[in-house]
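In the two assemblies presented below, subunit A is common to both, partnered first by subunit B and then by subunit C.
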Partner chain A sequence: MNKFIRVNMTTKKAKFEDVPNKYKMLGGRGLTSNIINDEVKPTCHPLGKNNKIVLAPGLLSGTSAPNSGRLSVGAKSPLTGGIKESNTGGTFSQQMARLGIKAIIIEGMPKDDKFYVIRIDKDDVIIEEAPEEALNGCGNYEAVKILNKKYGDKAGMALIGPAGEYRLPSANIAFKDPESNLRAAGRGGLGAVLGSKRVKAIVIDDTDAGRVPIADPDKFREASRVFSKALLEHPVSGESLAEYGTDVLVNIINEAGGFPSYNFTKGRIEHADNISGETLSATIKERKGEGMVSHACHRGCVIRCSQWYADEEGKYITSGFEYETIWGLGADAGIEDLDAIASIDRAMDDVGVDSIEVAVAIATAMDGGLIPWGDGKAALEIVKQMAKPTPMARIIAGGCAIVGKLCGLFRVPVVKDQAIPAYDPRPIKGIGLTYATTPMGADHTAGYCVSGNILKVGADIDPLKKEGQIEYSRAMQIGTAAVDSTGMCLFVYFGIADNPDGYQAMINMINAQYGLSLTAEDIDKLGEDVLKVEREFNRKAGFSNAHDRLPEFMEYEPLPPHNVVWDFTPEEIDEVFNF
Partner chain B sequence: MFEDRGNTIELRGFLHLNTYIRKKFGTMPVIFDLDGEITGKDLAKRLNVPLNEIEVIFVNGFVQGLDFVIKPGDRVALLPPGCPGPYRIALGFYGKNQNNPANFKIKERKLKNLY
Partner chain C sequence: MNKFIRVNMTTKKAKFEDVPNKYKMLGGRGLTSNIINDEVKPTCHPLGKNNKIVLAPGLLSGTSAPNSGRLSVGAKSPLTGGIKESNTGGTFSQQMARLGIKAIIIEGMPKDDKFYVIRIDKDDVIIEEAPEEALNGCGNYEAVKILNKKYGDKAGMALIGPAGEYRLPSANIAFKDPESNLRAAGRGGLGAVLGSKRVKAIVIDDTDAGRVPIADPDKFREASRVFSKALLEHPVSGESLAEYGTDVLVNIINEAGGFPSYNFTKGRIEHADNISGETLSATIKERKGEGMVSHACHRGCVIRCSQWYADEEGKYITSGFEYETIWGLGADAGIEDLDAIASIDRAMDDVGVDSIEVAVAIATAMDGGLIPWGDGKAALEIVKQMAKPTPMARIIAGGCAIVGKLCGLFRVPVVKDQAIPAYDPRPIKGIGLTYATTPMGADHTAGYCVSGNILKVGADIDPLKKEGQIEYSRAMQIGTAAVDSTGMCLFVYFGIADNPDGYQAMINMINAQYGLSLTAEDIDKLGEDVLKVEREFNRKAGFSNAHDRLPEFMEYEPLPPHNVVWDFTPEEIDEVFNF
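Let's look at the complex of A and B:
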């Protein structure tokens, strides 16, 4: 990957650029965050002409490394006001990498109000008007069909739905998967940033692209084999995720009493069985038809945590039906029917909004009396209205913080205005420290991985006690920032956590590809540097340690069944980033 | 202890043990009779669940090892290996699973067909 594409939407001109030396050994999140920090005015309005949006494959993307097809998208977030990296599957990352494109940087904004498609192939970048029929309320599923017809089924695609066109704060960027279904860079409202630049879609055609060069193919093959084996031999990545999806966590987190429900007033629900991964899997199998228990969101994924969920007639409703979405609607909003949740998930994908932010906003609106508790039909109707947003649809798509304010609530589960996902920080304290301190706003995927011996970090953690949690959160955030830079799916961590050979194999693949001799310490250093850059941007944007706090209600509202509160002091929280 | 359930426990199984317990008892959760206190290990034996199919157990919402003593009235869940990694750390599995046959030594683990 030896070139950048820089697209100026003010002039509607694009150019290829050489990659500056300082960026050569960066990829994914490491690259997007560095470019944003270097090039974007930290105090700019996220929807104004001075924001930029950057798409970057990881260091290993485009190779045969298992699970290396993830893409990072970075910008200043209109939801949080801070730096954002949002991560997605789909085919786009590998196609970019095969074309040798290390990053696409989109800047400026047109003076007209048309929407455009940026089309990229081996030799050229063309900016052309978006087809009218894909705009003005057309859902993502239909828009993909329209764009496929024009650009071909095999072209990779990033696109915004109506929510992005209307620049709603929870708008996501959808990415085509191998079957032309939708994945998303979901969090932080980056679809609104792309919408502000009047970019409806980015289409990438990798016809005649060469292979990604590998400095030492034999070493790469061997490392890839060890890595793949580590994933497939582990009961999580090799079995449970493929069988139950990420929704396997419903019963586990519910049983642990950390399953935030009814707007974070309870930690356990009675109807977990309705929405559990076990039920999800059994339902798909029973219905047959188009449903499938296991599916890969990108080529080379051996974990296959995605699935196709079908209705009673066996007709496809949605894929990538994630634990956090099912939790948000099923527990936090109390919608007890999995089919109703699946339909809302599809509608959210179709209008192009983050299914965590909107689910939590719906639950908060229920607490505020705007929607009846557990009313799946009402929730679905509001999400559908986001295609041509009514005032109510705009309010909910504004995200949890806005809904909480408008409802006059103090119980508003956000950090840096981003909704807290599916793990309550009161009885699972380590995750709470990550929510509080990550530069991303509340984000469970900010603390996923550590390098080295897991027992040094996690051997003695008690989820309800403070001991060891600061070290845990720090190590997890550093490890995650590093893995997010490789293009690897974070779920590889499930497999390599217990197998140091697997972690080393990931590093060996990078070394074999680039002719390097990086160690685990070097990878940790990369993670630390990424976090420091992100924090620096946020500081310049006006954030301080006072923003690294959980919502105050968690300090005085005990969460049943364990009836615990959040009890870390500000000084203790600030220790997480003391490195 | 959550409520008075007499000489019984409220029992759940997760992942493939969900299917197993449903097939065995026809319901989930199961109200399971005990003669008195019982360790997780002995409970597994009574249920014919091989020990290497349980990474940890939950007792009243707390993660425990298989040596933990379960009392009548407890809410119990059996969790096979398969919980995603970061949560195994965050929920404290590593502090509890070290004496269990199904701990992180996954290379030695052989899957047995339960059904």
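Let's look at the complex of A and C:
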């Protein structure tokens, strides 16, 4: 990967650029965060012409390394006001990498109000008007069909739905997966940034692209084999995730009493069976048709955690149907029916909004009296309205923090205005430290301490106690920032956390590809540097330690069944980033 | 004034307290800001049990000093997230002072969801359930009648409208004026704080209150005479404000090209005559009936800037009908009809929302396509809906920043999430520095540099140039913080800015009342200390210099007719608070 594509939407011109030396050994999140920090004015308006949006494959993307096809998307977030990296599957990352494109940087803003498609191939970047029929309320599923017809099924695709066109705060960026279904860079409203630049879609055609060059192919092949084995040998990444999807967590987290329900007033629900991964998997199998247990969001994934959920007639409804979404609608909003949840998930993907932010916003709106508790029909109707947003649809698409303000609530589960997902910090204290301190706003993927707290992978820490959590969240955030720079899916953690061979194999792949001799310390250093850069941006944007706090209600509302509160002091929390 | 009243809404108990020594020479804003900084956890949720709300008369309130009947209300603001002092007329301040109550501090939060009235008299504080018929959508005008019937016409009254009950971010606190019409502590959503504590109203009965003790009555009387003369001799405070109200500014600011219109895209409008103070005054006179040119919002006011606006049948519509509100609806939202504007102003008072925040939110919503430009009927309908808020009413009552987010706009005229009022910072640079740096969020009353920039009172600074503005905004903010601590109306500035006798008379009154010998330097020091305390609170709450910035669009969208942008550098802006 030896070039940048820089697209200026003010002039509607694009150019290829050489990659500056300082960026050469960065990829994924490391690259997006550094470019944003170097090039974007931290106090700029996220939807103004001075924000930029950057797409970057990871260091290993495009190779045969297992699970290396993730893409990082970075910008100043309209939701949090801070730096954002949002991570997605799909085919885009590998196609960029094969074309040798290390990053796409989109800047400026047209003066007109048309929407555009940026079309990239081996030789050229073309900016052309988006097809009218894909706009103005057209959902993502239909838009993909329209764009596929024009640009070919095999082209990679990033696109925004109506929510992105309207620049709503929870708008995501959708990405085509190998079957032209949808994955998303969901969090932080990056779809609104793309919408503000009037980019409806980025289409990437890797016809005639070469292979990604590998300095030492034999060493790479061997490391890749070891790595793959490590992933498949672990019971979580080798078995549970394929069989039950991420939704396997419903019973585990509910059992642990850390399953925030009814807007974070309870930690365990009675109806977990209705929405569990076991039920999900059994339902898919029973219904047959287009349903599919275990599917990969990108080529080369050996974990295959995605589940295709079908309706009673066996017709495909949704995939990438994740635990956090099912939790948000099923427990936090109390919608007890998996079919209803699946329909809402599909509708969220279709209008193009983050299914965590919107699910939590719906639950908060239920607490605020805007929607009846557990009313899946009402929730579905509101999400569908986001295609041509009614006032209520705007409120919910505004995200949890805005819903909280417009309902006058103090029980508003956000950090840095981003909704807290699926794991309650009171009885799972490690994840609370991550939520509080990550530069991303509440984000479970930024340092998944649920692992050592509950799953007992990589560590064994009492989730109800403070001991060891600060160091653990710090290490997890550093490690994650590094992994997010490789293009690896976060679930590789299961293959490397307790398996030194797996971990070494990952490093060996990087070394073999680039002809380097990095050590584990170098990888840690990479992670630390990424976090420092992100935190530096946030400081300049106006964040201070006072923003590294969980919502205050968690300090005085005990969560049943453990009846515990959040009890880290500000000083203790601030220790997480003391490195 | 020798006691505090502390009301705990969790226990529904109240007590009288002695005033700690360190607070004895503080009043008004100086007192509310110090108590908030000392007692409120800066990172608390503004609508949670740990926020407090403080009401304090000024040092001179309750005496015969002209224009000394203003009240300060302080809390952590749900709108800005920072410290807030909001200032109001009405009878409340003088009644508190006569009862010797230096501050009312309301803390805690009931577990039930009833609303309460806090009733204060000479001997007692009683917390009782609010009358049902004054709740659930009952407007402030009607609620005052209901409460008057129960507590007597002469009782002072602070109350929240439906917007406060719903804890909407722009909810204000209304105060009865001498005729049982409404004044308001408008800005920063303090009505939502009172609503969160389930306080519908505070009623104060000063029957049998003594006089405020004066250490040297003769000296006080003489100083008061000189001060009054200074106010009446100045053409603005002695004449224009009485004749045309604050709306006299329409023609002046429009002529200066600093009259932000159509969501801050133009600096001058064609239809200024429709909404000017001259037209306002002539219309009131022509219609006769209950209309009244020149009325006082509190006893002892010699400026009498309030205008009672009546409809075509001569029936009272609204008073306290200010320039900033008329600007917001008339120019920023382009509603060209003064009757329509008056009806909306009345409706805002009636549901209990800040008429600046909501007017600007309406204009921003028009830019965002939610309401047709200039449609007064639609705006009125939405404001009325705030009594039982529809989703659209919630959005608009959410204030300008939220409207901007839900419309995906970058042209969002706020600082610290509070709407910018009535004077465009691009061609009136001094006020821009105040908007950017005051701890209050965009607030023209925090350092009214329009005075020296446009009115040429107190200074003569070219509004289009940067020279002298930093020092001027600093001095004005310091002076204002001091005046806000005296209970004096800000318009006394016209009597003291260019008149050393007037200024000395104000100091003499304080000295005569308290038996002190303060100098002008002491008064400056008081102002400086207040600002430092406020800034300290905001720092701890998470604000940094990055928040002392105007909205970015002002840096690159030139404002006609002068076609100038905002061009102070961050470093220059930060100099304002370098003292």
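Quick note on the criterion: the second predicted complex is superposed on the first by the 566 of 579 C-alpha atoms of A that agree within 3 Å, B and C clash if a C-alpha of one lies under 4 Å from a C-alpha of the other, contacts with A are read in each partner's own complex, and residues count from 1 in each chain.
One rule holds for everything that comes next: contacts are C-beta pairs under 8 Å (C-beta built on N, C-alpha and C of every residue); 3 or more make two chains touch, one makes a residue touch a chain.
Every value quoted in this text rests on a predicted model; they were computed, and no experiment measured them.
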| item | value |
| --- | --- |
| Touching partner for A:498 - first (subunit B), second (subunit C), both, neither | first |
| Subunit B versus subunit C as contact partner of A:195, first or second or both or neither | second |
| Which superposed partner A:398 touches (first subunit B, second subunit C, both, neither) | second |
| First, second, both or neither for A:304, with subunit B first and subunit C second | neither |
| Contacts of A:183 with subunit B and subunit C, given as first, second, both or neither | neither |
| Which of subunit B and subunit C A:229 touches, first, second, both or neither | neither |
| Subunit B versus subunit C as contact partner of A:416, first or second or both or neither | neither |
| Subunit B versus subunit C as contact partner of A:543, first or second or both or neither | second |
| Touching residues (chain side subunit B, partner subunit A) in the complex | 2, 12, 14-16, 18-19, 28, 58, 60-61, 63, 77, 79-92, 94-95, 104, 106-107, 109 |
| Residues of subunit C touching subunit A in the complex | 42-50, 78, 166-169, 192, 195-196, 370, 390-392, 394-395, 397-398, 402, 405-410, 412, 539-544, 546-547, 549, 551-553, 556, 570 |
| Complex interface listing, subunit A residues touching subunit B | 233-236, 239-241, 243-244, 246, 248-249, 251-253, 255-258, 268, 273, 276-278, 282, 423, 428, 430-431, 447-449, 454-455, 457-463, 472, 476, 491, 493-495, 497-499, 561-562 |
